[in-house]
């Protein structure tokens, strides 16, 4: 695939062990990366991938083990040392300063100055040059908070390249990108390897590994399982090595009868935080017993749409009805009371109170209802009983309802939300990016659960940036572009090309 | 009397100590460390300034020592909140008990059991610029014949604005206040920068205190800094955590106080207590009417500790 | 009372400066007067030394005003009369009663409360502890709040020294314009104001008097700003009765090169500022000293109030006045003093009385 | 099991902080030439050696417990109430007026006064909440401004004709509004006579022992109950921890901010009322803030923002403040500022839960090298 120089080991991590207290996050892991190679790291949530890479980048120090860069043993105690040795890293959670501009973010820590005074003009020129060289187009003066996640990703990569990185670590770079953006990223990686640079990529998406990586190291619960040549294995092989069991990728889904309209959106207009129109005369219907998937590139009004339906954002024009009742601009409370449940996009910021226990989070919308409260007093026994039931039913681990939610893994946090939302017996379930950042095992679980709900005659609105997810799970697919829906298709008739074309705003 | 000149001159007198302290608040919070201990640091500065000023007879030495003393108090806050990951509000409140406590305790040690330092003579106080340059009590005299510290306060506000928004150091400070981890991944020493900022914050608060005890007054006593540190804190938030904003907020507050003094001399039928409320009510009204939401740096108050 | 003399201690300034803590110069008078018999008394009572103590109000022990003076008086008594003295400072109103009680438990024979704000607390303590003696500075108990036999209220005629300094101001002003800065508005400060205004008008009927209150005893900046304004408006002498806010008034005088009049004690001695031409002195120290001394001699006027004025030598103008005030004016002041003592002149103690006596 | 362990560990942490605070203060005292043991002994004796000292300590602690709870409650709901001072002052004004102007029977009168103080303290607090909810004004600014406004309002109210009694004093409350224990009895002639013959009881009753502490304890329990056991508490805590999640969960965040500040303010207002009805009996001109609010913050912080712990931390604070005044007396004659230094140092250590980790790390490191 790529032009790999198997004689030059740019990275050698030897017998790396990292302990957090009693937890062994990395257990004697070896990793070798060659010049010009794209090397994938694969593993379930919490397997220890990010931890391993953070050690390579000097964010944390290994408990034991050695790291060689270009054959030389280096003690990487802080990111400066990593940067000096040509390592760049794009973190799973972007390390961007939101109110700063693109340029400011890129030059930070490596500023172009004149006696300590910033030379922004020169910096801008350099960045434009760099972005042209690698076809990573950005607008240097945009603020990070105003640009799409895909754009932010580019900024992150530029940050590394700006520092002259020869080895680029990408921690789950594609989990927030559109199919088009992913393709662009693949090109970028190809370009980089052509220059003799090496890339380590962490991803849960096996398809991508197949497409872009040369070799793949698989980690399970901190232990190294195998390193394989990607050409020589199938996706199924990779998945079973990773999880330790067989995994189904496409959730089996029988046809199901739809009936009454549950959600009806009629020509609504919604503004975003900056006061610009984000949802622009959008109309939509979701019926009982169907999953309507909304595909679209991030930033086309998806968030605003969900917030408008759930009462968190004002609807300027138009109407939303649930079960025939007008709920336009009602309070979130009232909308919840109309049997609408939501799995929010940002589970930590919006979906959970991280400092509450699991059982407290389980009643976030229901705390004031019987049997959880009587006359304003919480009924702890009932609340705990409820939590225990849900923990068992949704297989939340560890099965201790008294733990603070923040101590749970991402996947289990997501399960808490799903359990809670389904417990509310909604007529309409809105699922926004329900599998973001989850591993294949967890994704499988969520998809099954969505289909189960649909089979129980719920109406489900699925909003996802993952085209595969939308295509696998939905009964009908709508494409949102610039706040409008111009294209709705039966999932069985949908093709990736066509959807991709519509997502980019293509006209028929 | 020329009212405008008087009001402006009084405004400057009132605002100056607040400006220093408020700027101190800005620099600390910009780097992500909440500093509610401004009051304590200011008191410490006022005490040390007056004491050193009295014993040495050199105002600038007093000023510098005030900065150092309050800076040391700030160092405590930095150790707690930067190195030890303390709750910053809590540590700041501790400083507010410690600052006045230590100042008065030491004052009694140095001044025969008294909590009042001895008065400094006019020549040894912070000098006024343009003394005698303009006709006495003219508008220009009222406005410009002010202590060095008044000019220095404005200068510092400009310098801080420049440093924060135009230099490498400022970019890093702001980045750390918004997203310390991002700065860390780029090889910036978050802890070090935060230490520098918090200590600078103490130094500036110390200057604020000394501007009070070496310029407005000529000695230190318990009520000299009673609540001004908190007013400076409020001004810092009012000014949206920006040096230029803090400067403006302090000036507004000072102007309101000047107005009270001015109106107090006018034999109005308004009870004194009602008159005295004006600056505080005015501040709230201005905030309600004109100033948008003040948003703190994203990582303000959050300890950043690796591992 | 004691101490007819007031002008004979010219030299006290320098001595006082290096004295620790108790530096109101009036105590030097006492020293002069009592020197001879105090020593043998000390020996006499050594075995049953009187224990006297005081509780400050929230102003604290160095308030530059009555608390500080009161303690100076007790220290003097300690030195001269061989009593033991101690004090407790209050931080909050809520401290008064417990502090009084603590001193009770320390077996004090006489316990002073300093300041009108302590009136209720001291009255309560006196009622519950009839076995001890209590006294208070700056409060006179009325019929409404009748004082028991073990309680003595001591007040001063602040208007009298204020009248004298007002007269000096009226004579010395070159601009025919003087000022008064008060701390907070209530009757004690009004006495200062009324007396001062009367004095100014007596000396100089044409003089303009600017009056402004800080509404705070601790706001130096505001005191200074007000004084700045007054000087700008043409005043060349200001009298303050404003505690630490007055420090700002004095600061303003120094910076403006104008004159100022201090209060309570000889502030020129305390602050060392030559711009302080005189001070309206209220000899709390001496009053306390006298009460203690009388008690030691077995005299006690409890159950009543005593009001001390010029006639008792308990108020007056500062000794350092001679440095700044021309002798002829001082002579006139001396005469006025006598006239007041002889009741030839009535000094208004309230604004109403002032208006009655001095309105044109 | 789990819960208990956590509780006892925070208590241990606090005790450790207090110990460290005392040690550091001792070092400062030594350096300044005092004997710390002597000073600490005076404080301990000054608080415990007589029953009446204990009652003074409790009287001193009562308002601090309440302003502590007030601040702690706000903290728990994500708000920083530096405005307790102002709300306390409002409570004293309202109590003083209602106590004087109303003619009500005993028992009823104090209850009415308390209710009014709770309502007005609460309303004053909710201004802070309202300005935050409606205009986004930071509660710290509003609190600071309102404290000063309350101070001046307090002084202005004293001068209202009919309410003004004499210099700097408003009329005291009627006897019916007093919550002082056996107030009427101990001031009656027969009572006095009886007490003369019963010195021990007389000694205790000399201090204004009042029902305030009982009310403070009830409030602590009620606030604890509200926070942890009611839907209201759930709402408020949810907003405190994560307002986005709360909003998403259907909770009206703005309304909650106002509610929370109302409750917080009402507790401080009540503190003011108890002060009037139990101790001072009427308002007196304030020349400066008395610091009940700032002390309340200290109490809350030492209590780790738990309302129940505020009882203990308030009493601890009260003991330091009351016992601390005694170090000024003979034979020690030490400055009372030591108490603030001590409190500051203790709070400083409370701020650093990781101090234990630091110790542990040092120990571990030693373990490794050995």
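Note that the chains are named A, B, C and D in the order they appear, and that numbering of residues resets to 1 at the start of each chain.
The working rule: a residue touches a chain if its C-beta (ideal position, glycine included) is under 8 Å from a C-beta of that chain, and two chains touch if they have at least 3 such contacts.
Which protein is which chain? UniProt says A = Heme ABC transporter ATP-binding protein; B, D = ABC transporter permease.
Computed from a prediction, not measured in an experiment: that's the story for all the values here.
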| query | Most contacts: which chain pair? | reply | B-D
| request: Starting from the mean Cα coordinates of chain C and chain D, work out the distance between those two points in Å. | output: 36
| note | So, in whole Å, the Cα centroid of chain A is separated from that of chain C by 77
| query | Where the centres are mean C-alpha positions, what is the separation of chain B from chain D, in Å? | reply | 29
| message | Need the CA-centroid distance for the pair chain A / chain B, whole Å please. | response | 45
| query | Do you know which chain A residues sit against two or more other chains? | reply | none
| message | Quick check: what residues of chain D touch more than one other chain, meaning two or more? | response | 152, 155, 288
| note | Among chain C residues, those touching two or more other chains are 215-218
| request: State which pairs of chains touch, listing all of them. | output: A-B, A-D, B-C, B-D, C-D
| query | Inside the complex, what are the residues of chain A that reach chain D? | reply | 310, 312, 331-333, 335-337, 342, 344, 349-356, 360, 363-365, 367-368, 373, 376-378, 380, 402
| Residue ranges of chain C touching chain D (in the complex, touch as defined) | 53, 58-59, 84, 86-95, 97-99, 101-103, 105-106, 116-117, 119-120, 128-129, 142, 184, 186-188, 215-218
| How about chain B: which of its residues touch chain D in the complex? | 40, 76, 80-81, 84-91, 93-102, 104-105, 108-109, 113, 115, 223, 226-227, 230-231, 233-234, 237-238, 271, 273-274, 276-277, 279-281, 283-284, 287-288, 292-294, 305
| message | With touch defined as at the start, can you tell me which chain A residues reach chain B in the complex? | response | 57, 59-60, 78-80, 83, 89, 91, 95-100, 104-105, 107-111, 113, 116-118, 159
| note | Touching chain C in the complex, chain B uses residues 1-2, 6, 9-10, 13-14, 112-116, 118-119, 121-122, 128, 137, 142, 212, 216-219, 221-224, 226, 257-258, 260-262, 264-265, 272-273, 275-276
